[in-house]
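The two complexes that follow have subunit A in common; it is paired with subunit B in the first and with subunit C in the second.
Entry: the complex of A and B
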């Protein structure tokens, strides 16, 4: 009987989507309190949130995409592209605001291309975006010769380096705004609801009058915009258009979304969970640095976490399907 | 062949808030056909999930015994090991694979790493002949009809040489001649000494096949007796727990002559072979408050015609549609919805509802977009209220409205699908095989609902392959065959014989 009770608790944890990220996060926060006294210093916490923010810009709209049954492996390359483009524009004397806008438009167009290949021509998203990933990465390398673009002007760096009240890094503010908007859209809006229907059953959604094709294309474009936006802020923050800025981003963002409780198979998703997923991964990275684990080995751990997350998702689906 | 016995003893399976199976026992032995019948949600599928090991022994109380030995730690692998094979109602075939790959996946004949293709083709041919499907072993499965695919999955179960085989509603997508072939095969397997469990709503089938019949209702075993000791009425009464007096409600207010929907020059290409038309230049009218039955054999183009009018199919379709006298242009489903046309499709799992969404969100799937007061945001209270009305009116059996639609029984899923259209206040409703795979009790409920709808002035086009349903529910029947409307049956001419005569023209 005791066993059954424990199972019931485990079941409750796993079927409540966001808890998959919140519980390990809570555990880490407790563990590090003993292990690393500097962890709880305000500066370190803000650092973690800033790192998480950079993931979240893409992870939030990526939540839409996964919910609608899509997938995008080209986000990392679009990020790099956005950063490089921003740096190039600034260096060539284009003012900040038009530069940002041009980068976001470029991101939308790239995402739209993904959408055309995947939605219009009905190609598998996994392979299609793997292909566009190579195309965009290749284009960025050709464009820059593999050398980072430096020499950003002082005003162009403000959007990534400014501190609110001299303490809160501005990237966190962007994440809060994006988070609130995306949360409302996915959880409270009719548009967001239709994404779950599309991800759950495209044919049913189509027969119910939902413009499935248009909507799926639009999400790919939104993800493209989010990726270039991340690239722009990244370039501004580090005063550098780095051709490899987005290299490790794909897996990390995908992991954050899935750990947060969005199903990689589509049909259900939560932006709040994604936010916690991003914070969890950033906290782990931060703690690993403190432990002296080299940044290169972090990938290994994120990989393990991603695999764990898909197992949890599978288990959740099993439990749900049995009622 | 060795004799086998299988027993399930005192199986009890609980879900939160519901007891799906309460102390159910069954036994079956080699060379015996045990039929299990019961309403949707009675617990048949749960019982079979226990037997097939989909629920492991930790998840329920009770025991499974095979050949006098208790099976510990039951799971899917263990069920396979003792030779239990399942043939499900839903077709589960790798569509882009060839026939022979589908049959022998996991059991390819040959030595070591090499496949003996000659033997593979030979045996595939034999197995497919046995189920009466004439296809080349190397052809791809996608273009095959759902009936042929179902027969293929039966042949696939044969490959494993099972000791016990479970058929769960195997005939829902089969034509009459395919059913005949299947029955021949089942009897052959019986003679070979396979123990057979046959789940079906269709009582004629049970009386034709079974040695023994067991009735399950609300998770209890109601009766278990030799087929000779029971009859149709007795079984129905046991299944629903009440006497069935009149399944088909009488319509007190006959349909009017007012034309609601007029379709002219409808031509629909064949979905699998685009160079021929499945329906060619047909025209018909739908009157207010009537149920217009569309009869015909599977493949006559009935579903395709509805889909083409609704905007589901557009490629190669030509049509002129008039709604209440006005010519309308339906380019996509949303246009049809705006005009007040609803479409309960044939395969609810494929395109009727969203598995992972709760009941409430499935019911408001269409109406939500036009639900006020806000254009963009959802008014959750209004949504709940709207869904609750349908939930109560259609008497959907579920722990709550938040239950995922996919976990419901077939009949309740179908109610959710119907509810989804009804909240949208349709003028015209297309229903395609509305009671497919649904038990008698729920069927009767559906018939009553459909009649209530016509009395409210809703006009219905119903495609049905269930002959008694077609002739008893329709005010008028159009029979489609060879791409044409072969005739219209009204009044006393609405008989199964006359429908059949036109259907085979």
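Entry: the complex of A and C
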């Protein structure tokens, strides 16, 4: 009887998609508690959450995209574009709100172009978005000459630098809002469930009456909006539009989504898991510094933790498939 | 038949005339063809290398040289830089200027360029085996000494807790700078505690590293040898409302972003490496090499601190707009 109950609890845990991110995160939190408890100071935890928030703005809609069987390698360059565009608009006297709106519209258009190339013209997403990544990065370089755009006004920086109750960085609030909305859409709505159907099998989804083309194109546009939003908040936080701000984010965001339990082959996804994936990645770098790991060894350990995370996810899937 | 023959002859004559005319044009074009100079940088963007590139290309245009300024997408991606050197050879460049970051890796491609009659110019690093025809740039070891001297002169030697943020843990010039900094600081401030870390040339990583280190082991001085680190350190100081007594920030280079932070009283100073002068001098030296002029091989560009009182004048002279 006791064994049956234990098995049921174990099965309930194993079925959680988010396990691949949660277990390594829990291990890190335990290890660092012994290694350097100052890790747990509120300011540090909020800094980790802020770092994770910047990844999460893109990773959350990216979860939709991966669930629907898509991928996007142009997010980093769209992020850079968004930051540069925001800085340019502000420096040229455009007020904050119109600047943000214009950037988001531009992001939607870029994402929509990705959608047209991939969905309408049936081109492989990997190559198509790699191509648009080069186009956008190139355009940003031509536009700026490779030099950052500084001189943002005080009001334009508030959206990235403000602290709620003098404690919580405002980027975390955006992440919470985005997280709640994306969670409801993906897990609780018919629209969200249709994405899993599209990612599982496009033909079957089409035959079931789901507007596959429209829906896939819309997701690319949403990812574009999210990437420019991240760029805008990034530029506001650092008071700069950096042409290379998004250079390192592509793989990191993709990794956060997959470690969080979203299938890279499409068909299933979890926004909660993505949130844990983002927190895990933000925590690893921080935790290594707190443990005093030399900078030269940090990448090595970072890699080992990532591999452990995917093996945990693999183990979970194997257990599930065996019933 | 006669008419047909006349017509054929007329067509032939027109074609011959057109051919002769075209040949004449080609000759004229050949005469007008400009010298080609390729500059392969470790990054084509950012406040340091981006500024250098803009200045280099402007000077090339002024001198009537066809200048190309290229860099990999990921900072200091050596295989990508070697590929660009290969392209320069294939393009028939007259001079190849390169930041030879790793002597062994670049030796083979440099030797082939030399065999093809291309003049070689080392930027910041001379290539070994006497392959380079000339060398310009900042002496990495001298830069390291300037970083340490400026720190101690402005912050004092007592109770120093320093975070040194470099761009790369693999670049020989960066490591030479770090080593020189370490030695000079040990001489000037023997009790100073120093932590070393790297940004990998990523703005995102720079921000993460600054936050993690400051939360783990609050430094009272951040010394930057990466322009992204300088921006991240200044942003951290501004966000946390820290005074210079609490956190001294020593930037690097003269991008508009760090100059703005100095003008605003956030960053304490920056170490000028004169990237505008560097780009200009690279083009000037290339032309001298092409013309076979005798040039003394030497490091001509200095590194010196720039303080708030001088920043507006400096920016004005460099054509940088500050708010």
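Going forward, the second predicted complex is superposed on the first by the 273 of 323 C-alpha atoms of A that agree within 3 Å, B and C clash if a C-alpha of one lies under 4 Å from a C-alpha of the other, contacts with A are read in each partner's own complex, and residues count from 1 in each chain.
In this section, a residue touches a chain if its C-beta (ideal position, glycine included) is under 8 Å from a C-beta of that chain, and two chains touch if they have at least 3 such contacts.
Predicted model only: the values in this text are computed from it and were never measured.
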| item | value |
| --- | --- |
| Side-by-side fit of subunit B and subunit C on subunit A, or clash | fit |
| Contacts of A:268 with subunit B and subunit C, given as first, second, both or neither | first |
| Touching partner for A:196 - first (subunit B), second (subunit C), both, neither | first |
| Partner chain in contact with A:211 - subunit B first, subunit C second, else both or neither | first |
| Which of subunit B and subunit C A:105 touches, first, second, both or neither | neither |
| Partner chain(s) touched by A:290 [first = subunit B, second = subunit C, both, neither] | second |
| Subunit B versus subunit C as contact partner of A:188, first or second or both or neither | first |
| Superposed model, subunit A: greater residue contact from subunit B or subunit C | C |
| Partner chain in contact with A:127 - subunit B first, subunit C second, else both or neither | neither |
| Minimal inter-chain CA distance - subunit C and subunit B, angstrom | 28 |
| Shared subunit A surface residues [contacts with subunit B and with subunit C] | none |
| Subunit C partner contacts - residues on subunit A that touch it in the complex | 36, 38-39, 41, 43-44, 47, 50-51, 54, 91, 137, 141, 144-153, 161, 237-240, 242-249, 252, 282, 285-286, 289-290, 295-296 |
| Residue numbers on subunit B that touch subunit A, as the complex places them | 15-16, 18, 55, 310, 312, 332-334, 336-338, 343, 345, 350-357, 361, 365-366, 368-369, 371, 376-378, 403-404, 406-407, 420 |
| Parts of subunit C lying in touch with subunit A, wherever the complex brings them together | 43-47, 49-51, 53-54, 73-75, 169, 196-198, 200, 202-205, 207-209, 211-213, 215-216, 228, 231-232, 235, 238-239, 255-257, 259-261, 321-323 |
| Residues on subunit A engaged by subunit B in the complex (per definition of touch) | 184, 188-191, 193-194, 196-197, 200-201, 203-211, 263, 267-268, 320-323 |
